[in-house]
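Structures given as structure tokens follow.
Next, two complexes with chain A in common: one pairs it with chain B, the other with chain C.
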Partner chain A sequence: MYKKNRTHLKINTAISVLHMQGESASATDDLKSRFTAADRQLPIDERRKSETLALLCRETQSRANRPVQNKRLLLRNLLRYTDRSLPGIHILCCTALPLLLLYAGNRDFFGENDAAVMVFLSMVFPCFLTFFSYFELRQLCLTGIAELGKTCFFHAGQLAALTMAFSGILNLMAVSAGIFLAGLQWKIRLLQLCLYVLVPFIFMQCLCLGCMLTETGRRHPWLNAALGLTLPLCLSSLSQSQTAYTEAALLVWAAALFTGILILAAEIRIFFIKLEKGDILCTE
Partner chain B sequence: MHRVELADLNKTFKNKAAVKDVTVCLEHGVYGLLGENGAGKTTLMRMFCGILEPTSGSILCDGMPIRQMGGDYHMLLGYLPQEFGYYKDFTALRFLNYMAALKALPEEYARNRIEELLELVGLQADRKNKLKTFSGGMIRRIGIAQALLNDPEILVLDEPTSGLDPGERVRFRNIISSLGKNRIVLLSTHIVSDVEYIADNILLMKDGRLIYAGDASRMLAEAEGCVWKCLVPEPEVPALEQQYMISNLRPHASQVELRVISRIKPAPNAEPAEAALEDAYLYLLNKMAEV
Partner chain C sequence: MTDKELIRKVHNGDKEALNLIIAAYYDDIYRFCLYLTGQETDSYDITQDVFLRFIKYIDSYQHRNLKGYLLIIARNLCRDYFHRKRDTACIEDAVCLGQEDKQLTGLEDSLLLFQTLQKLPVKQREIIIMRIYEELPFHEIARITGCNLSTVKSRFRLGAGHLRKLLEEPFGGYDV
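Our next item is the complex of A and B:
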């Protein structure tokens, strides 16, 4: 450093002398050559040079793998590589429900009880579709994929929310179509029909998510299936009852729907809290 | 380079304490986490990665709680679980692309990195084969590749060499060792020799507690004078096995050569032997049991 300062001091002195003497272009050339000579004398620390190079390389690399900020691009990349087999079957099933009801309605398939059977079917099918949703969620959360995901940019909660939103929308679309088609057969108010179809649908969601929330339910997928079979059986016995579908019972149906929605909302909240804490992901 | 501090970390599942009062600070280098099955290694690693929330205590990365860092911490992290989840119908290439998408890596970078890593783990020829056709060792290798996708500065590997054949194990040991130069590598294993070769520091867990944290030489020093070698007649072996910790047993003509871990001389003809890391590991575990 001392050496460098001394060299610059000499150059500065030379400049001032040259200025004083009013020398021209040749003097400037002389100055340049002196600067070059002075630069050559500056010692280059090879160790520091390689350290700086390594630092630059690291910085360049860290910039290269910096996460993508564009949300559309992120989602596109994820959807491009994500598993499409289960959602594919789910979409097929969701399409099959309205088509089946349409076919049955056109052909007068069930005879005199056509409307009642169609309503029953549109109550049972959404329950069946709910299975798919939870099977997809199980596959994500309980097979270790979400555990890996929890250490990534897209965390487990976001992946689960994406799966739930996708299958939820599909199910709702299928249920709506079911309600519409059953409504064509059974001449009752649409709101009334909505209640008949949505109550079992919501309770099925509650049962499946409830299973995911308990350690036993997570360990034994057959428990989920057993509960899922019980509900259509209950519905079947309910559909035999004449009083269940009277206008007087509507208040009970509405109360059941409201309770179901409250339970489901609470379960979803608990599910995401448990997911965040890792309790669901780390089932051995 | 980063610094991760674990302070008074506890994790309780229902009534069972899986991790108890773990306090340790990790800077760059390879840390070998040793312990018996159920000692709490996986739980500790899961908390370290932010997968499990501790019941109490804190994990700080460069002085900041990892919960607060969220995605920023995940960007530093590479994790290989003991048994990792994958879609069986995915090809190796698609799985790595899926993981790159989850890690939000830019496409161009991901493409090049995946090719590099497939070569590193020796799976380039199988890149288009489905994962369901892979052997256990190949799955392990693809797991290691996904952990390295984002060139992590903190690498957590739970039993990385299990299921690998001896040749692959040596290769991976060397890879892990080279990675530890400028990053934190925390690896758990049952294979003491793996740790002996690559770990700069050893963390030893028993019943959820961290009973030792330090380098291998200090660990060996702990067991100094407590390792014995002796030749005994075969009928005497069961009695000695009940009384002492036997680290090795080898038939030798009509007798049996024993390697005994004990503070006292186990047999009249026993001679002191130089402690190996495995002896030190057994000694420390046994010492804690006595306490």
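Our next item is the complex of A and C:
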């Protein structure tokens, strides 16, 4: 009985929806016919139309005559004229990570806890590198990138992508070298160490980019720095736990890495959409 | 020829492709501006600006629907036009279309529609024109106007009801 009533109700709803659609279509038809009648009484001025076409042809011609440098030359000029101090410090920091690990490994700094401390450091150091990368990106976005885009033919998105790719590759190289050296030195399985290092690294990226996406975060770089301090603190409390670094917990680490990558991908997409719309460039 | 091919040809400086774009979209864009602003001469100027802006920013064109893209530019330019007008003229100026314009004099049906359209708020008017005249689906109108779907539908419902009511009144609700 209940089923029958429901079917009846569904049929009635469908009929009323069709009725409404038909009704609105006929009402719209009436208005549409008024527009069509008005259209017939309003011929287009062909002279204005051909004037517009001629103007467009001239504009296209002038665009074609504009000198365009090839992309390699543009890239070379861009590298020549951009400020190299921040990327320089970044490169130095990236080289310092593997060197620090090598040095600590040879000197046996922390005695019995050497491996645990160095694993912790190799987790914290990439977080610092990430913070640095986003500081570079922030500097790029807030210091006339749009104007630069107008002059050197690379638009804001391309310049931001270039900066992100450059600092991302640098960070990954440093992190990979760190993982490799720490793994070799303290006989830790590389895959396991990869997870331990990449999870905080990716989550730090998410936090910093998330910060960049908000207007308050863009205005106050110290927010990024605060985040840069918070994550290592969380990591140090995590390192106190006995179960966090067992083999049984590896699946959780892998899941965290996967989630982090998904969040980061979504944030990068939002970042470029916002950049394209001008939201990020227009921060006071 | 698809819009994508047309854009590619315009990129390469093909004048024939420009001709095709003008032939395909000029009338629609002009009439959209005309119904929205109610001013014939200004609508020609705005339409010209629409196509000039399209050419100027053609490198960043990423839309799948060229007409939708041109309508976005047209809508924004009409908005600018209203902002400029707000300081210099009162709303009656727009309603007086046809009295100064030689081409429109005596065209009672179209004049009545224009005058009645101008009585609607701009937000409702643009949606009415896009939905009824341009026959765009609601989701496309939502994308063009940057509003959500339910807002567009409610503005359309209110606008259509208001327009129908005004059109049923003698002389579109104007005293003659």
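Just so we're on the same page, the second predicted complex is superposed on the first by the 208 of 284 C-alpha atoms of A that agree within 3 Å, B and C clash if a C-alpha of one lies under 4 Å from a C-alpha of the other, contacts with A are read in each partner's own complex, and residues count from 1 in each chain.
As a working rule, a contact is a pair of C-beta atoms (placed from the backbone, for glycine too) under 8 Å apart; a residue touches a chain by one contact, two chains touch by 3 or more.
All of these numbers come straight from a predicted model, not from anything done at the bench.
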Inset, instruction - Kindly classify A:155 by the partners it touches after superposition: chain B alone (first), chain C alone (second), both, or neither? - result: both
Legend entry - Which superposed partner A:83 touches (first chain B, second chain C, both, neither): first
Inset, instruction - Please work out whether A:30 is in contact with chain B alone, chain C alone, both, or neither, and reply first, second, both or neither. - result: second
Inset, instruction - List the residues of chain A that touch chain B in one complex and chain C in the other. - result: 61, 64, 155
Inset, instruction - Please give the residue numbers of chain A that touch chain C in the complex, ascending. - result: 27-28, 30-32, 34-35, 37-39, 41-45, 48-49, 51-53, 55-57, 59-61, 63-64, 155
Inset, instruction - Spell out the residues on chain A that touch chain B in their complex, using ranges where they run on. - result: 61, 64-68, 74, 77-78, 80-83, 85, 143-155, 159, 276-278, 281-282
Legend entry - chain C residues touching chain A - in the complex, by the definition given at the top: 10, 13, 15, 18-19, 22, 26-27, 30-31, 34-35, 44, 47-48, 51-52, 55-56, 60, 103-104, 107, 109-110, 113-114, 128, 131-133, 135, 160, 163-164, 167
Legend entry - Residues on chain B engaged by chain A in the complex (per definition of touch): 43, 46, 49-53, 71, 74-75, 77-79, 81, 83-87, 89-90, 94, 97-107, 109, 113, 146, 150-151, 156
